[in-house]
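In this document, chain identifiers A, B, C and D correspond to the written order of the chains, with residue numbering beginning at 1 in each.
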Amino acid sequence: MWKAPELDFKQMIKNKMEGNHFMHHVGFQIHTIEPGLIEGDLELKPCHLQQMGFVHGGVTATVADIVAGFAAFTLVKHGQGVVTVDLKVSYLNPGKSDKLFAKGYVIKAGQKLFFCESELWTMNNLEKILIAKSSATMAVVNAEDIKK
Amino acid sequence: MWKAPELDFKQMIKNKMEGNHFMHHVGFQIHTIEPGLIEGDLELKPCHLQQMGFVHGGVTATVADIVAGFAAFTLVKHGQGVVTVDLKVSYLNPGKSDKLFAKGYVIKAGQKLFFCESELWTMNNLEKILIAKSSATMAVVNAEDIKK
Amino acid sequence: MWKAPELDFKQMIKNKMEGNHFMHHVGFQIHTIEPGLIEGDLELKPCHLQQMGFVHGGVTATVADIVAGFAAFTLVKHGQGVVTVDLKVSYLNPGKSDKLFAKGYVIKAGQKLFFCESELWTMNNLEKILIAKSSATMAVVNAEDIKK
Amino acid sequence: MWKAPELDFKQMIKNKMEGNHFMHHVGFQIHTIEPGLIEGDLELKPCHLQQMGFVHGGVTATVADIVAGFAAFTLVKHGQGVVTVDLKVSYLNPGKSDKLFAKGYVIKAGQKLFFCESELWTMNNLEKILIAKSSATMAVVNAEDIKK
């Protein structure tokens, strides 16, 4: 029997990302989508900085939230989504570079809740500087909850 | 003896804010500056939303960080600044409105560390909806550390 | 028609507390039970301290968790329970006193998740010293989940 | 010239632990002390449980705080100590076992602040169950601050 091909996993997530307007406003680009893992980067421009010339804590938190949330999203069932319940960001080092790299991953996938982490770093003279680490709780939302 | 007038307290903080590029990129406006307290608002536009049409968690975290950080900044000594050590945001309700209001305040002002909180809400049909609450630790940085 | 008297609200919560062994091991006493609010205190003894003579961070976190969790528990439906999803404690001041006071309260009661806060303080020379503030997410668990 | 032998590194930390009364009250045992790393375990008894029979969130937070704090302590200068600034614990799975294992480690060692993490797990049928993950900020305190 003929069966319509399933929508490609990565394409489905890319489609979802298209509607993530603030991610585009910030300029974050995702380049790796694997089950439970998201990686991407952000070209740092003056608009991303605070008054001391470092990456703004809001940029860091935004990127940490995006990679953690989409990492969870790669593991939910078709039709389900995720929303952030809480996000804690630890700011380990000031971010001073022209590019920010980020990785988000799932450490526990539950029926209702996902626990995720993010790592953000810059490359300075071939040295990787971890500028932030975050821990997030994500709640699974069902299709009918999303429509409401 | 003649003494130059001290730079007005609020004007000094406004000057500092001018260099906070990401705050302007997001569009957050501060309208209240008191010792230990900052209030402001953000006109919500499509660029602030995620794919379900709610305020993006990164916008929420950014605003929470700004009002907490500047609330701490109102209490440090001349020449000192503050940087965010950690920020935890609890997402209580989805943000769906045309304006976001925020308040940041200091709950403990120390010599080296400040503990701050932020509250973010929307007004829906005259009802105040608390969409997020955050707790932040801020570290005091001295003029000589900032130059480095 | 005869109707058995409903089990008294506060008595039901007290019964629940009886099974909270670690609370008794620590020695925390609850004296106020209201919908969405729990208050209590702990007589500080040498066993509660760390090596500098201050209240141990684990005691603080334990008390913060208890008052937040039971505050949520006052608002769930009969047969439901709550479990802690995450707890963030900010240690504002060292605790050095002979008694610790605590208050836990709900800031958002949802169908599946509760957001709570706790405040812990000591009284030193009639002055209230806030030693810790915490934010917690609690998940509602149903009777059938608890049995498992 | 005769020089008194330096107090052995691990012995110094063990001496410090002797004064950590709440750690002993809970019953946590440390068995690994390396620079930036602490490991230990806790034999779970009824006194460590809450009313559903799981490990109490306060026990989890206490152990998370101890291993993170002592991990930081292994890296500070002689005479310095550390105090917890904030601790966030994510409760990934209910703890139901007869032994709890814990590891604390430093992810950033600064002059004034340390960022640490802890992992707590149980062994159930040869399977490692991560029951909690925590992130903590620790502040370095100097000898003269400790005396105060």
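Convention: a contact is a pair of C-beta atoms (placed from the backbone, for glycine too) under 8 Å apart; a residue touches a chain by one contact, two chains touch by 3 or more.
Please read these numbers as outputs of a predicted model, since none were measured by experiment.
Of all chains, C has its CA centroid at the greatest distance from the CA centroid of chain A.
Judged by contacting C-beta pairs, the busier of the interfaces B-D and B-C is B-C. In whole angstrom, the spacing between the mean C-alpha positions of chain A and chain B is 23. Centre to centre, using the average C-alpha position, chain B and chain D are separated by 33 Å. Averaged Cα coordinates give chain B a centre that lies 30 Å from the centre of chain C. Within chain C, residues 85-86, 88, 90, 135, 137 each touch two or more of the remaining chains. Residues 16-26, 46-52, 54, 56-59, 61-63, 65-66, 69, 81, 83-91, 94, 146 of chain D touch chain C in their complex.
Listed in rising order, the residues of chain C touching chain A in the complex are 85-86, 88, 112-113, 135, 137, 139.
Every residue of chain C that touches chain B in the complex is listed here, in rising order: 88, 90, 92-93, 107-108, 115, 117, 130, 133, 135, 137.
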